[in-house]
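Next come two complexes built around subunit A: one with subunit B, the other with subunit C.
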Partner chain A sequence: MAYAFLARSGSLLKSATLAVALLASAAPIARAEGGETLVIARSMDINALDPARAFCDTCQIVLTALYDTLVGLAPDNKTIVPKLAASWQINADQTVFTFKLDPAATFADGSKVEAKDIKWTFERLKNIKGSPSFFMDGVTSVETPDAATVVITLAASNSEFINKLSAGFTGIINSDVAAAAGATAGADADKADKAETWFLEHSAGGGPFTLVSYRPDDELRLARNDAYWGKKPYFAETVFRQTQDAVAQAQLLQSGGADVAMQVDMDTAKSLHGNDVKTDIIPSYNFLYIALGAGAKSNKVPLTPDVRRAISLAIDYEGVIDFTVGGAGKSQPSPIPNGFPGTEGLPERGRNLAEAKVLLAKAGLADGFEIEAVYPNDNVYGVDINLMMQKVQQDLTDVGIKVTLTPATYPVWRDQINGAGIPMTAVYYAPDYYGSGQYADYFAMMPGTAWAKRAGAAREPSVINAKEAELLKKALASGGAEQEKNFHALALEMINDNIIIPLVSPNMVLAYRSDIEGVRYSACCNLPLSEISRKK
Partner chain B sequence: MTASVSSPAVSLPANVARSGPSFGRRLRQVPLPVLIGGFVVLFWIITALTVSFWGLPDPIQIAGKRLQAPSLSHWLGTDALGRDVLSRTLYGAVYSVPIAIGVVAVGVFIGATLGAIAGYVGGVVDGIIMRLVDVTLAFPPILLAMTISATLGPGLVNAAIAMIIVWWPIYARLMRAQVLEVKEREHVEAAIAGGAGHIRVLGIHILPLCWTPILINATMDFGQVVLLAASLSFIGLGASPPTPEWGSMISEGAARFYSWWVAFGPGMAILTLVLGFSFLGDGLRDMLDPRSK
Partner chain C sequence: MLRFVLRRLIATPLLLLGVATVAFFLSQMTKGDPLSAIVPERQMNNPEIVAAAKEKWGLDKSLIERYGLYIGNLVQGDLGVSFTTRRAVSADLGERLPATLELVMAAMLIATVVGITLGVLSARYRDRSVDYISRVFALLGSSLPVFWSGLLLLFLFSVQLGWVPGPGRLDARSVAPPSITGFYTVDSLLNGNIPLFFESLHHLLLPSIVLAWSVIGVITRLVRSSLLEVMGQDYVRTARAKGAGEGRVMLNHALRNALIPTLTIIGFSFAYLITGAVLTEAVFSWPGVGSYAVSSARSLDLPGIIGVTLVGSLAFLVANLLTDIAYAFANPRVKLQ
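Take a look at the complex of A and B:
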């Protein structure tokens, strides 16, 4: 009886809420004149629309649509293909990269893309010292022997440098247009550049789209660049409609209010029904991990290598995947995602309570200990971090480790992790381009990396793993099998550090109306808008 | 004459004269909303006190497969971590009921004390206390509670502190108005003329006559506190996971909209408890406040 009553209540609840959602979605999106409009339901995390300052998942999509890059990433997510650069040469020790520009390449205003624009863009990206400035790390000079040739010189060998240039954050800006709007590439660009606001209302690129308008927390509107020198996009206009959560995105998609939604979690995706909506479940390179702050000020016990390994052995990885994404994901042993160079054949992480207890006893912690976990209270890539940490909390209880969970807002978490440090935290990461070097630069226990600092290397220097810097240097100076071998060795070292413990790499749900085609996930650019079209 | 006057009283059954109307008759005189509200509130108070003896599954531990719909083994289904929603809902009373009582009790204590002092002493003291009240009441309660909670950090204790800060001014204003009215009465003037001290005048001659509106208001506010505590937990400023607090349970359920049962249990719990307190408060007002008749 109780079952029947509750089931009826559920139907009523769902019907009522669907009705409200449909009413809410009734506000029409203004359609472009003389062409079709693509509507994307998305929770936009935009921090800026200036390629030298923007750094977010939505920015990857938008910047790739507005600004062409020197090179592109093929649909196999591995092969670098020509874009603005028709060809390139790399010297033997991979320190000098010479690009020949495609003579047909133009900006949206019709002017030619010239070597000076590439030099100006890269120097500005470096000098503005914004979040994506690390793309230019190691660049010592950008020379322009002629209007169609760019020579980039690096301080050290980097076989992955060219991969970086496929990321939308390195999109080429029309220097004349941007400079007229107050942008500068000079050494003092971090202070002298005044164009950040201008970029929120205008674009100055040569990509397949141009920026029409952006209203934070409302919508972002792009128009097709009809003068595009490459293959023109099908849609005359693309609108990103701010849609906060997965359920609302699914309902908009179901009702026809949106054409594409790519932040729908697995549980919600199961509710999508009928022939009007299609869902592709694909593996992604995104992942969520816990990180241990060996040098955090508030540690109650020293997080020695044995204690860190014990923590990693106490986690039920399969259970985490099951409880966070209903099994629709995969485990990832090292901070380098599976499928990236060096990850083939890495040993899987697994649960071994007996060994964990032995290690804790060896560390004098046979009765367990208390540890505080502070993490951003977010729901990313379909995973509720709060839920994930409750599972970790339960798992660690089995070896006597009592975890206190403290969810925090992102700014509070950021201040804490970059200040006194956090004993245990949980975060997420998505790639910016195809290449393993980015993960070493961010996660490896090498002096100066983000996570070496956050793990408390200043207070606990023992977290630094001297082998890793050496292995990265060798990997970036080599290619092919040798590079694979070095990245593999580096990944093993990062696994043994047990500072970064990946928990789940969730599958991605690409949900779209069934008359839409060309929707795919790109490792550099998230969702290539220009490839999307409507079936005839 | 005397005998004839006293005789009817003597003729009444002794037990009636001593104990008044029967329990059943007195119960019938109580307004229906008070009965319903009282019953619901009593249920949740008893639940909060005894739920750990009911033999329910541990509200923190995994009890089955995740996101199971209601069934005979899990009457309200399971949540995303496979925990029994019914168990978590009932255990939620252990947090929500004490918070409601605690916040209102402390709010009444602080507010009534300051309000009584303000009303009785008057002058500068009254001015300072009442401006503090005005400033606090100038902010929307939910906004102020959110700001204080966010500043103090997440957690039920901090949420309770935030709610006390939001709630005390209401009682201060209410008590001050009562004291101002009662202190002008003749029996108070007589007590002062008779040489009674300030504390005696306030404590014995004034305050006992001021409690009725405070009591009615407090009863109504219990429900509001439950609601505000759940709201703070919903936005992540209240209970820390994995505490089975109703607001945070609804927040977890909201992310899994199509598994409607995850939010249904705590939603019904909040609904019944808030309604119960409201009915009780409304009924008490009808019974005790002469102005409402």
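Take a look at the complex of A and C:
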């Protein structure tokens, strides 16, 4: 609040305070110079501010503001648009990507963005073996024929590679500045790079903002990059204020202490009223799902394809959406979110108790069975996973399946899911960029994927679906309608696997003061800060 | 007394070493994946990334090796690097401890003044309306969960009435004063920024009242019962027989003696709140040690957990020592040996 209490009359305390304040020397409170401040109330999940090491939702927002990427994602959340690269060419088999840099592009210190910076950034991202290093999976070389040209070669076709380059984690670093701070891109970067702490206090990019300060669990402060080569942001300063829960975020928004809150759940959003605050309820690409561990050690019965399908048919999907987000969400048949390549026309999942019972009887489980569900005891994207699992438990009772719910802390859950496996679990996912390949790489029953392992492929090889690897390969080697067709076929296979059963894709609440404009959700970058302004 | 204090001071590092050892092995025994704070879930499948993370954070070493390294570093004042914030734990704690101390000191000041006042009033007007009201007030403070009372008071006084600012140590649009003590109230004064001093004081008001309210109940009850006990003593009767007024008897004769057990509670409440102000810090977005303890525990940030444990232990040891010294000053019959 802008110290309104000093101007109000009232209690003795306030009068006394006012008197003392007036008597005291009037040194101004330090504030951003030369413009306004945008305040975002947010529970910050930052694990690093080094683009090669960071990996979190807040990091998506911050890194996009600090570091320009080669390409961007248009507001339609589908079209790739130029950013640092003014143009690009992709060879026929989608293995060689040639980028021409925009000659006007500069870093915040005024130096030109050169091909060597792109090479250095991408090699460092790969070699540092950090959390987002997978963005460089498949890259065999980054060449710089001249200062304005970058040629990236992949080991295998990947038509979605360019989409990856719109993510903030691939933001281009000023190599000279970072190297002087101890960063290195060499093959031994995972050991030799000493810049992680430096990046918590400095930025070395050319994005619309620069990092001023970061205090974990307190605030993160960005200043407008006044030398920005693109369209300069409206706000001179952006402050992320650590605000743990949805209610506190809503209160801060209502009191005017914050301008934007993005983690307000549906119930809290209903309490936001008046002319001062606006809420946009928009579909998101985030989703929550249950996953079945066919090879989990503690399974009491084999989770065969028939049993898995019976489980999927016993769930009341509409009821889950009503129960968890009051209907403010949508169902999602495959692990690839609706709206991503290949998802148009996918058959919706639905409840069919009769068929579920037939399938269970066929599996010799007409009387049902017991199964344990272990899941992180969290509230994610406005969904209480505990509540969601209670609904699943209730639904499965109708076909005789007795689910024991075991909520666990996240580290305990991770220990179990990556160890002996879990018969049934519930998790969540948000996209890193616009593209369906990321979902196949993570969820498909292909050898080596995270969920093939967790589903117990080592103990139960039958979960592997050989068609999926082939379909992914075809999808990544093609473009346009052909790519769409292959991803569609892949999504159908993933639906039939019934290892990953999406339950709800909750709508997102964008809550902001009514004089704020330009707040939108981006599939690559979460909240593009540079587009936000205040109405004049 | 000097020998007593010196002996206790010398024993403190040894006790902390013991605490560190217990905390280290307990945290290692916890069922959970310590990599969960380091490697995001989606990358757990990548053996290269997992191996690099284990090596970097020393998780590839044996338990004994890790313990040796930790204690070796601890003796040199190095508490390790937080898995979550990626900064030195000592730097994290050094930044957060002043925030917590500022909040807790303000809360203890309020709790002590209000608690003793209510305790005296309750004893003075025993079984009368003042007694009942103060006891109900104290009981509410002890019983209401802070996350509820905090949010409610925040909604009422900040959102609805606009009397106090929202969460945080300062308005988000204000810049913190250059750090000298880490106490925003003190630092803003030292920097000659009076408006910022009032702003930080204003931000401190509601969280410290909420935190104080939870302690007021204990102090009130203790002062009341101690006073009632003391009021029946011979020396109080003697004072009355000599013609001293009831107010003087109560404040000069009875209260001084009744306060001795209260000192213990105040001392321990202070130490408890250093790491126990978790909910208040969460509700009021107060970046202190309590919120650090929660985030460290949730993400199994082992260096962070042990660091907070050491700070908490140190707070109790110091509070204990100060309480003992205060005892000796308050009651000359107590000899520190």
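Rule of thumb we're sticking to: the second predicted complex is superposed on the first by the 505 of 536 C-alpha atoms of A that agree within 3 Å, B and C clash if a C-alpha of one lies under 4 Å from a C-alpha of the other, contacts with A are read in each partner's own complex, and residues count from 1 in each chain.
The rule we apply is simple: contacts are C-beta pairs under 8 Å (C-beta built on N, C-alpha and C of every residue); 3 or more make two chains touch, one makes a residue touch a chain.
Not measured: the values here are computed from a predicted model.
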Which of subunit B and subunit C A:Arg124 touches, first, second, both or neither: neither
Contacts of A:Lys357 with subunit B and subunit C, given as first, second, both or neither: neither
Larger contact residue set on subunit A - subunit B or subunit C: C
Touching partner for A:Val39 - first (subunit B), second (subunit C), both, neither: second
Which superposed partner A:Gln244 touches (first subunit B, second subunit C, both, neither): second
First, second, both or neither for A:Asn379, with subunit B first and subunit C second: first
Subunit B versus subunit C as contact partner of A:Arg513, first or second or both or neither: neither
Partner chain in contact with A:His202 - subunit B first, subunit C second, else both or neither: neither
First (subunit B), second (subunit C), both or neither touched by A:His488: neither
Footprint overlap on subunit A, where subunit B in one structure and subunit C in the other make contact: 2-3, 6, 10, 14, 17, 245, 247, 409
Interface residues, subunit C side, partner subunit A - complex: 30-37, 39-46, 48-49, 52-53, 55-56, 84-87, 92, 95-96, 151, 154-155, 158-159, 162-169, 171-175, 177, 191-196, 198-199, 202, 282-283, 285, 287, 291-292, 295, 298-300
List of subunit A residues in touch with subunit B within their complex: 2-3, 6-7, 9-10, 13-14, 17, 245-247, 265, 267-268, 270-271, 322-323, 326, 377, 379, 384, 386-387, 389-391, 393-394, 404-409
Complex contact set, residues of subunit B against subunit A: 60-62, 66-67, 69-72, 75-76, 80-82, 150, 153-154, 236, 240-242, 252, 254-261, 264
Complex interface listing, subunit A residues touching subunit C: 1-6, 8, 10, 14, 17, 20-21, 24-32, 37, 39, 47-48, 53, 55-56, 129-131, 133-134, 190-191, 196-197, 200, 215-219, 221, 239, 241-245, 247-248, 251-252, 254-255, 257-258, 409-412, 414-415, 418, 427, 442, 448-450, 453
